[in-house]
C-alpha cells in the first residue's frame, strides 16, 4: 500500500533515528524521506481514494486536485529542506533529535494533505503541530524556549478551537468524511462553527492577533525547519479552510467579510511590522503573515462569492505554491549567506525568490498575482474598488520588504563552510523559477507575458527600486518593533496577573479535629449516668412511662 | 423419637459439675467434647423444628401447671444454635487463653457450664416463672464469671452487675406475680389467649415491670452503666460470652414477651419509646466507644450501641403491616445472631491483641498488623459485621431493618441507623488504624498459640458468612 | 378489703421500699438487705395470690419456695462479693457512690 | 449448575483465592507469592477472554444466589460488564507485575498483595454485579480492601489519608445503601436490565424516585470523585504507586462511575431518567467537576497529586457522557471508562517510576528527567497527550463522541466544557513534559535508587507495564473502529441501551 509507505516511513525512520543501533543507516535515509510522497503526488491516479474503516473513527485518505498541488510543493520543500539539513546540522551533536522531530513533522504534514476525514485530518494536523515544537526549540537557549512556549500555547489553543469546530461540523453533518462533511453543512450552520474553524486554522496560518507565535518560532528554528514551517506548514491552515469551509457551496457573509478584511489587514500589517525588523528571518516571518493575508483574503472572497470559486481555487493553489517555494528558498538562502557567505551568485539566487514575491515580471509571483486578480474580479463593489488599489500597494510593500531583506542578509557574517547547502538550495530555486509556469493556466500565462501584463508587473519594481535606493542612501533604519509585537504587551499583562496571588479555595480540612472542650464535657455525662440513684430514677421513670403508655391502650 | 431438649440443659450441668470436681485440665477437655455434642444436639433440634414445627417436652412426664414444660420454636432454636456455635470456639480459645492462669481457670469451666445450662433452659422454658429462675441463674453465673480474676476492678464491676441484675429480675418476678394474680397461670401458651381476651390495667403494669426488668439486664441505654466495666474488665473469653450471649438472653425474652405474650396490649407509642431508647443507645454508645482509650472498653461500648439496633426492631415491627413487621422481625433476629458472633470474635481478638502486646490501651496495639495479622484480620471481619457492611450478617440485618423503616415511612430510624453505622465504622477503624502503625522493633511481643487465633477467625468468618446464608436462619426462624 | 388485696398492697409497699433502698442506699449491705425486702414483698404477693377462691393453690407456693432459694443464692453471692470489696477497698460501697452520707461501718 | 453459570464465580475466585492464599503465606516467600499472583491473573484473563467471546456470540453468563427472601446475589456478564471486567483484569495483571518490581525489598508484601487481589475481586464483582444489591456488596468490599493499601506505608500522613478516605467512602456507602433499600422497597428486586426497570413506577412515585436518584448519585459520586465529594482522592495519593495506579485511577473511581452508568442506564433507564429531568443536574455536576479538577490540578506541584486532580476531572467525562441524553454521548462516556483507565494508569506507572528510580516526586524536580529515563517519559508523554485528547490516542476518541453526543442532545455548551478541559489539560501536562524533555538537568537526583545500567533506565518490571499501557493507549485510539476495539464494544452497548427509541 503506497500510502502507508510514505506516511509511516518517516515516522518509522524517526524512531529508528532515536535508537542508537539503527541511527547511522536511518540518518542516511532521512533526507530522502519526502521523496516517496513526491513521487506519489506525481503518479497517483486522479480522484485517488483509500478507505480504512478500522483506523480511528473510520478513516479515508485521498488526493483531489488541491491536495495534489499542496502535496507537490510540500514534499518538494521537505525534500530540499531535508537535504539541506544534512549539511546544515552536520556538526550538531544532537542532530538525530532534530531529524527525528523533522521526520515526525513531515509525516504529519504529508498526512494533512491526504486526510479526507475530520479525525485523520485532526490527527495528522496534531502530529505535525506537536512534532514541530521539537524543531522550534531545537537550538535551545532562552529565546528558543520563549518561542517554544508561545508556539505551544497557541498550538494547543488552535487544537482546542479546531476540535470544537470539527465536532460541531461533524455533528450537524452526521458524517466526518470530507467532501460530504463540508458540503452537507451548507445549510444553516451557526456561524460559531465556522468561526471556530477559521480561528483554529487561522492560528496556523498566522491570521493577525493569532500570529504571535510565528515571528518568534520561525526565526529561532534551525534554518531548514524555518523553511518548512514558513513554506509548507503555514499552508496547512489554508488547506484546512479549503477542506472544511463550504467554499463554492454557500455564501457565508459574515465570515467572508471578516476574512477579507483581516486578510487585507494582515497583508499590510505584515509588511509594516516586517519593515522594522532587524533579523532577516523575523522579517521573512512577517512577510509570510502578509502573504498569507492575501490568501486569506482570497478564501474570504470565495465565501462571499460561491460562483467565483472555480476560478478562485486554482488561483489560491497557485499562490500557495508560489509562496511556499519562494519563502522556502528565501529561508534557506538566509542559511546559505550565514554559512557560505554572500557572494554575487548567492545574492543573485536570493534575488530570484525576492523578486518572485514582489511579483516581478517573468516570475511565479507575477503569475500568481495575475491569476488571483482575475479571479477576484467578481467581488461586490466596495471590495473590488478597494482591492484595485490596495493589491498593487501590497505588492510594492512586499517589494520594499524584500529589498530590506536583501539589505539585511548582505550584512550577515560568513563562515565559508556551507558548500553542501548549495545544491539543494539551487534545486529549490529552479523549482521556484519553473514550477508555477507548469501550474498556471494558459490564460494567465498569456496575460503575464503580454505587454500590458509585463508593464503592470514591472512598474512596482521600479518604484521599489527607487524608494529602496533612496532609503539606503539616507541610511534609514526606522523604529524597532520587537518580534511578536502584541505578544509583548500580553506577556506584560500576564506578568502583572501572576503577581496577584491565586486564591486557594477548599483547603483540605481535618475531619476530626482535636477534641474540643465540649466533647469532654459530653463525655463526663457518662459518669453521671453511672450513678445508681440517677439510673434508678431513670429506670423508674421509664417504667412508669411504659406502664402509662401500655395502660393508655 | 430422640428428644434433644432436656439434654441441652443436662449436658452443661453435668460437665460443669464434673469440671468442678476434676479441675480445669480434664474439665476443659470434657467441656469441649460436650460442647461438640451440644452443638450437634442443637442441630438435631433445628432439623426437627424445621421438619415438624414447635416442639414441646414435659420434664419427667409432668405437664403444666405443676411440672415443667420445655418448648422449642423457631426463635428459641435459633438462639440455642447460636449459643452453642459461639461457645464452642470460645472454649477452644479459653483453653489457650487461660494457660498460666490456673487460679482463674479453676472456676471458669464450672461457671461457664452453669451459665450455659441456664441459658439453654431459658431458651427452652415455656412459662414465665421458669424463665425467672433461669434468668436469675444466668445472672448469678455471669456475675461469677465477671469476678473470676479477682481484683478491685472486676469485683466492683461484678457487684454492680449483680445489683443491677437483681433489680431487674425482681421487677420481672413482680410482673410474674401480678400476671399470676390476674390469670392464675404462668404458662406462655396458656396466658396468650387470656391476655388477648381481656387485659386489665394490672397486666399493663406487669408488662411494664417485666420489660423494664429485662431492659435493665440487656443494658439498654440509659441502663447500660453496669455493662462496660463488667464486660470490659472480665477476661476476654468471659467478655465474649457475656457480650455475645448473656445480654441476648434477656433480649430474647423481651422479644418473646413483646411479640408473643403482650402482643395484644403493646402499642405503637410504647414501641416508639423503646425505639427512642435504642436510638439513644446507638448514638451514645457509639460516641463513647469512639472516645475510649482502652481496647476492651471500646468493644464494650460498642455492645451498648449494638443493643440499640436490636431495640429499633420494636417500632418497626409493631402496628405495621404484616410484611413490614416480618421484615423488621427477621432483621432484628439476624442482628442478634450477627452481633453475637461478631462481638464474640471482637472481644476474643481484643484479648489476643492484649495478650500479645501486654498492653490494654488502644495506643499499645501498634504493630499488631504485622505481628499477628490473622487476629487483626478477624477483628476487622467482625468489625465489618458491626459496621453493617456487606456481605456480613450485620448487613443483612441492617438491610431488612432499613427496608422496614422505609416501607413504614419512619425515616428518623433510617437516620439513626445510618449515623450509627458511620460511627461504628469510626470506632472500628480507630482500632485498625492504630494496628497499622509501625512499632519499634524493640517492643516486647508475645507470640500467640495457634488455638488462640483460629477460633477468633472462625467466629468472625461465621458472622460474615451469615450474610450469605441468612435465608437458612430465616427459614429456621419462620418454622412455626 | 379482701385479704388478698391486703397481701398485695403490703407486698407492693415492701417492694417499693426495697427498691428505693436498692437504688438510693450507697452501702452495699443495705443494698443487699433492700433486695431481700423487695424479694419478700414479691413473695408476700404470691402467697396472697395463692389463696384465691378459698382453695390453696400449690403453684404460687412452689414459686415462692423456688424464689426464696434463688434469693438466698443471690444474697450469698452478693455478700461474698461485698466482703471481697471490703477487703480490697476498706469500705463496702461502689466507687461511684463514695460521697454518700451513710456511715454504717462494719 | 452448568458451566455458564459458574463462569462468573470462577472469574471472581481466580483473584480471590490467590489473595487468600497470599495472606496465609509467610512474608519471605516472594517467589511463590509472585507465582500465585501471576497464575491467578493469567487465569483470570483467560477466563475473561473466553467470556468475551461468549458474550459476543450472545451467550449469557448469569449466576443467582439467594441470600434473603427477595434479595439475590446475581452475577451477570452483560456487555457493559464485559467492558469493565477485562479492563480491570488486564490492568491487574500489569499492575501486579509493576508492583512486584516496585515493592522489591519493602516489608509486608504479602499483606499488600493479598489486599490487592481482594480489591481486584471487588472491582470485578462491581463490574459483574447483576443487581443493585450485589453491586453494593462489592462496592463496600472495595472500600474495605483499599483502606489497608492506602495506609500501607503506616506513616502519619497515610493514616490521615486513610481516615479521610474512609469518612468519605463509608458516608457515601451509607447514602447509597439507603437509596438502594428504598428502591427495593418500591420496586422489589432491582435487576440491571437494558433500558431500565423503573418506568413502571411512573407517575405516582415520581418524587420519591427523584430523591432516590439523588441518594444513589450522591453515594456513588463519592467514589467517582464528583465535586464536591472528591476530597479523598488527592489525599489517598500517599499510597504506593501501584495502588494509586490501579485503584485510584481505575478501580475505585471507576466503580463509582460505573455505578452511575448502571443506575442511569440499567436501573432507571436513560429515557426515564431524562423524562424525570434527572440527567441535566448530573451533567452540570460532571461539568463542574471536570473544570474544577483541572483547575486544581494546575496548582499542584506534587506529580501524583496533579494526576489525582486530573483523575477527578477525567472520570467525570464518563458521568458527563452518561448524563447527556443520546447514544453518541453514551458511546463517548462508556468508552472513556476504558480509555481513561489505560491512560491514567500509564501516567501513574510513570510517576511511580520517577519516584522509585530517582526519588522525583515533585514536578519542580523533573528537569531533564526525559534524558535520564526516555522510555518512561515517552510513555508519560503518550498518556498526557491522550488526556489532552490528541489523536490518535484514546482520549481523542472519547472526546469526539462526547462532543457529537452533546450536539445530538442539543447541549452545545458541553463542547465548551470539553474545550476548556482540553486546554486546562494541556496547561497542566505540557509544562511537565517540557521540564522532562527540554529543561537541562542542573543538580543531582533527589534519591537515585536504581542506577542506570547498560542503557536500562530502571528495572524491567517497572518499565514494561507503562510501555504496554502506553502502546495500548495508542492502539485503542488508532484502531478504534476495528471490530475488537473498546469503541465498537461501547457502540454495541449504546445500541442496546437505546434499543427502545433508536429507529
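Letters A, B, C and D name the chains as they come in the text, with residue numbers starting at 1 for each one.
Going forward, contacts are C-beta pairs under 8 Å (C-beta built on N, C-alpha and C of every residue); 3 or more make two chains touch, one makes a residue touch a chain.
Everything numeric here is computed off the predicted structure, so don't read it as measured data.
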item	value
Central chain of the complex, centres being mean CA coordinates	D
Which of B-D and A-C has more C-beta pairs touching across its chains	B-D
Interchain centroid distance [CA atoms averaged], subunit B/subunit D, Å	42
Whole-Å gap separating subunit C and subunit D, where each centre is the average of the chain's CA atoms	67
Rounded Å distance between subunit A and subunit C, as computed from the means of their C-alpha atoms	101
Inter-centroid spacing, subunit B versus subunit A (mean Cα positions, whole Å)	78
Two or more partner chains touched - positions in subunit C	19, 22-23, 94
Numbers and ranges of subunit A residues touching at least 2 other chains	530-532, 535-536, 539
Touching two or more other chains - residue numbers and ranges from subunit D	163, 167
Touching pairs among all chains present in the structure	A-B, A-C, A-D, B-C, B-D
Of subunit A, residues touching subunit C in the complex	527, 530-533, 535-537, 539-540
Interfacial residue positions of subunit D with respect to subunit A in the complex	160, 163-164, 167, 228, 231, 234-235, 299, 385, 388-392, 396-397, 399-400, 403-404, 406-408, 412, 415-416, 418-419, 422-423, 426-427, 430, 434, 438, 477-483
Of subunit A, residues touching subunit B in the complex	515, 519, 522-523, 526, 529-532, 535-536, 538-539, 542-547, 549-553
Contact set on subunit A toward subunit D in their complex	53-59, 119-120, 122-123, 126, 130, 137, 145, 148-149, 152, 156-157, 159-161, 163-164, 167-168, 170-172, 192, 502, 504, 506, 508, 510-512
Interfacial residue positions of subunit D with respect to subunit B in the complex	23, 65-69, 71, 73, 107-108, 111, 133, 136-138, 140-141, 143-144, 147-148, 151, 154, 159, 162-163, 166-167, 170-171, 173-175, 177-178, 181-182, 184-185
